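There are structures below to look over.
Note that chain A is present in both complexes that follow, paired respectively with chain B and with chain C.
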Partner chain A sequence: MNINSNIKYIIGILLLILLPFLINNEYLLHLLIMGGIYTLLVSGLNLIVGYIGQLSLCHPAFFGIGAYTTGLLFKRLSTPFLLNFLLAGIITAIISIGFGYITLRVRGSAFIIMTVSFLHIMHLLVLNEVDFTMGQKGISGIPNINILGYNFNTKTSYYYLILILCLFTLFIIYRLVNSEIGRAWKAIRDNENLAKSIGINVFKFSNFAFVSGAFIAGLAGSIYAYYINYISPDLFLFSITTTLLVMLIMGGKGTILGPVIGAIIFTLLPEYLRFISEWRMPVFGVILILGILFFPRGLFSIKEILSMKMKKKEVSS
Partner chain B sequence: MFLQLLINGLVVGSGYALIAVGHTIIFGMMKIVNFAHGELYMIGAFFTFSFVLLFNNYYIGFLVAMVICILIAIFSEKVLFHRLIDEDIMTTTLITIGISIFLMNIVQILWGANPRTIPQPFSEKPVIIGDIFITKPRIFIFFTAIVIIGVLHWFIKYTKTGKAFRATFQNRQAALLVGININYIYTLSYTIGATVAGAAGGLLGMIYVIEPTMGVAAVGKAFAIVITAGKKSIYGAIFIAYGLGVIESLGSGYISSQYKDVFAFIILILVLLFKPEGIFGKKGA
Partner chain C sequence: MSLLEVKNLTKTFGGLTAVDDLTFNIEKDEILSLIGPNGAGKTTTFNMITGFLNPDRGKIIFNDIDITSKEPHNIAELGLIRTFQKTNIFPDATVYENIKLAHFKSSKYSILDILIRNKKFNKTEKRIKEKTNEIMEYFNLSEEKDKKAYNLAYGRKRILEIAIGMAASPKLLLLDEPVAGLNPKESKEVMELIYDIRNKGITILLVEHDMSVVTNVSDRIVVINFGEKICDGDCEYVTSDEEVIKAYLGDDIDA
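Showing the complex of A and B:
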């Protein structure tokens, strides 16, 4: 990273810090907070899908487990925010270790199907264990975050909390991806057998990516529960998986900033396409199909594709 | 009680068998993890519903709906699925998920989300043998499924196209070498698979509610069955489908009805842990 691009990032972060003063619009701020939560989710999903190359469809389950851990801890034990927040991440991570330990032995279709089964089973459990999870009714009345007496009762305060969390997470992911671990991940994605032959423990590294993603999703779920003050079994629906996939694919999988761009665009876009409200999901389906067919490396790659075509023309002429 | 549950299970199992047969054919031959397969089941049910109301006759409505299913299947194979052969598994999965969302929501917009059932042509009076009650649509579903599977068996085993189909299913390269038109076989097998799933929708819609999201649960079961049976085993898939129907029925009778959908996934996870090539699969296949 040279000085020039460093300045670009610093200016970008400064803009994000100043944003709440610039827009002065509660609803837009709400959308940006949701965009931040989606950024966390999609960045975590990106670790397993984009870097390991295994398609996981159960990511919302980890988000939901984080949210329900928080909600239940608060309801049953009234524990403070910081404890709930950390426990949400840790419990989600533990569950994902167990699940990953079983499923990451297989690749491809079997893994995909086990993840989608896991999501269904978690949904059924949350729906049916009414005594424990309150079933379809969900858990309401989760209060705002309170850290050492400071009460997060404005959108702006949540915005900064999410912003810090996102920047911190992205920084950690950036460091991970550019470390030995990240190089091992990419090796597994590009050629698993070759990776094995040079002594990379595929199972261990895949599991690490999977669990890291789940941990981030658990934390995001905890923040979501505090921010919306209400959680329901709908968090475990497959449609959330779809939304995350559209964000990841269109943003660009296997990049650091791709998930951020995808999450922000596809949080804001549907809200401003309200007039097609009932056509939103079919349009998402079509975007997913066309996105995979024409921009398999995300919308960012449009520039690349165009410049490649220009080059080809130059060469041919 | 036991016999009653067993018979109910076999009826549900015949629906699963029809869905799983098509899924095995598409999965085994085209190597496509087809998340849109459940949507064909759903579309079959909705078209049957509308045409039964239109013609005021179940049998004509069902047949017309199947013709529409065949047309949709041929169209979608030619336009989309054909391009997915040999693509990597992540690409095909994501695209079929896209198709699935698209179809599910289009149906939701056109027909509405409220659940319905297909009007059935039989009298309400159930058949009673000893202390077992069976409603007439259930008997009809069971035997129609057997007939469809029988015809499929005859086609695969005793016709020339069926022979070409088996050859392509086993080894595509070799089939190409001996001059089989595999593009034709692909279109044919996708169409058969999709239409049989549509038929399952048109049949089971008489005893279950039909709604736009019904395909999601169905495709989950189909996946569980196909992988449990072993990816390339059509007859294995049929056997497992009936078995799963019975297990679910017995499980919901004796253990818990809320968790009947979980049994399939537990079996799937156990099989993948202890016999990943499937119960009827061959090692290294």
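Showing the complex of A and C:
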């Protein structure tokens, strides 16, 4: 990273810090908070889909497990936020270790089917274990976050909390990806057999990506439960998988900022299409198809495509 | 003590015995060629030595360590590095990234090293960069540094494959038909490279179906046919062996 791009990032972060004062719009602030939660989810999913190249369809399950861990801990034990938050991440990670240990031995369609089954099983469990999870009714009355006496009772306070969490997560992912761990992930994605033959423990590194993604999703689920104050089995719906994949693929998988761009745009876009009422979803669909057609490697690749076109022009002129 | 000892190795697929009670040794610093017609069981032997296949019977000992049925990455960790008969590179990475990725074994960090980027991390990363450049230089790949590997010409891909193997710090480099599909000029270049690599102190096991390719560089040749060893000795000895001529060279003369 040179000084120039450092300055770009600093300006970007300053803008994000000033944003609540600039927009002064509660609804937009709410969408940005949701965009931040999606950023966490999609960035974690990106480690699995984008870096080790395994199409996991169960990511919402880890979000839901984090949210339910938080909700149930509050309901049954009234434990404080920081403990609930950490336990949400840790319990989600432990479950994902167990699940990954079984499934990450296979690739391709077998893995995809196992992940989608896992999501459905978790959905049914939460729905049917009414005594434990409250079933379809969900868990309501989860209070706002309280850290050492400071109460998060404004959208702005949640915005900053999410912003810090996102920046921190992205920083860690950036460092992981640009190290031997990231190189091992890319090697596995590109050529698994060759990766093995240069000494990479494919199973171990795949598991690490999977668990890291799940851990982040668990944390995001916990924050979500506190922010919305209510959780339900709908968190385990397959439609959330679809949303996450749209964000990931349209944003640009296998890049650090692609998931951020995808998460923000595809949180805002459907909301701002509401003015065309019943045409909303068809128009959204057309935008998606055009997007994939023109940016098959995601919106994050716009810069690359533009610079390539410029080069071509230079060559032809 | 031999660097690698293969003892009574056997593998069957269904009813077919692909490798049959195969025994041979590789001494340190030699180029040993394993040759035999197509389907003789050379690749299967390779796959068993490198842990990609488990043998039905037999033992493989590397540097006094029993590696029979160990995982491929554990075997690579010990310094036994292979290439594949069908070209195997990281297609979506650039030439530079391909070789950098292959230095995996030389970077042993803890998560903490990676997150805070301490002195150890920066020093190792710098060394890997230098080594990557050195290897590109050695294999004459520097000019194509930023090309995506899938864009390389076939002959260059095969060279890149060997470069990847070298980046993984081999003690014993196993090459599965590295010149298959190359024209005579390219083939000669690769054989010279292999000879030079050995002179850097890396032992080589070379698999080839065409005997004439290997006679110039090999210290010793093991010939297999239908999974069985039929001859083992220096080039002169092997090329004059009657059974070899009958079972193997005969084919070539006819062809």
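Operating definition for what follows: the second predicted complex is superposed on the first by the 281 of 317 C-alpha atoms of A that agree within 3 Å, B and C clash if a C-alpha of one lies under 4 Å from a C-alpha of the other, contacts with A are read in each partner's own complex, and residues count from 1 in each chain.
Rule of thumb we're sticking to: a contact is a pair of C-beta atoms (placed from the backbone, for glycine too) under 8 Å apart; a residue touches a chain by one contact, two chains touch by 3 or more.
If you're wondering where the values come from, they're calculated on a predicted model, not measured in any experiment.
S.K.: Once the two complexes are aligned on chain A, which partner has more residues of chain A within touching range, chain B or chain C?
M.R.: Comparing chain B with chain C, the partner touching more chain A residues is B.
S.K.: Once chain A of both complexes is superposed, is A:G199 in touch with chain B (first), chain C (second), both, or neither?
M.R.: After superposing on A, A:G199 lies in contact with chain C but is clear of chain B.
S.K.: Considering only the touch criterion stated at the top, classify A:M281 as touching first (chain B), second (chain C), both, or neither.
M.R.: A:M281 contacts chain B only, not chain C.
S.K.: Thinking of the overlay built on chain A, is A:E180 touched by chain B (first), by chain C (second), by both, or by neither?
M.R.: The answer is second: A:E180 touches chain C but not chain B.
S.K.: With both complexes superposed on chain A, which partner does A:G141 reach: first (chain B), second (chain C), both or neither?
M.R.: Touch partners of A:G141: none, neither chain B nor chain C.
S.K.: Quick one: is A:L124 in contact with chain B, with chain C, with both, or with neither? Answer first, second, both or neither.
M.R.: Only chain B is touched by A:L124; chain C is not.
S.K.: So in the superposed three-chain picture, is A:V116 touching just chain B, just chain C, both, or none of them (first/second/both/neither)?
M.R.: In the superposition, A:V116 touches chain B alone.
S.K.: Using the superposition on chain A described above, determine whether A:G149 touches chain B (first), chain C (second), both, or neither.
M.R.: The answer is neither, since A:G149 touches no partner chain.
S.K.: Within the complex, which stretch of chain A touches chain C?
M.R.: 172, 175-176, 179-181, 183-184, 186-187, 190-191, 193-194, 196-202
S.K.: Applying the document's contact rule, which stretches of chain C touch chain A when the two form their complex?
M.R.: 50, 52, 71-73, 76-77, 81-84, 88-93, 97, 100-102, 104-105, 107, 109, 114-115, 117, 121, 164-165, 167-168
S.K.: Within the complex, which stretch of chain B touches chain A?
M.R.: Where chain B meets chain A, its residues are 27, 33, 80, 83, 89-91, 93-95, 97-106, 109, 216-217, 220, 223-224, 227, 258-259, 261-262, 265, 268-269, 272-273, 276.
S.K.: Over in the complex, which chain A residues touch chain B? Could you list them?
M.R.: Listed in rising order, the residues are 49, 53, 55, 102-103, 106, 108-110, 112-114, 116-118, 120-121, 124, 128, 238-239, 242, 245, 249, 278-279, 281-282, 284-289, 292-293, 296.
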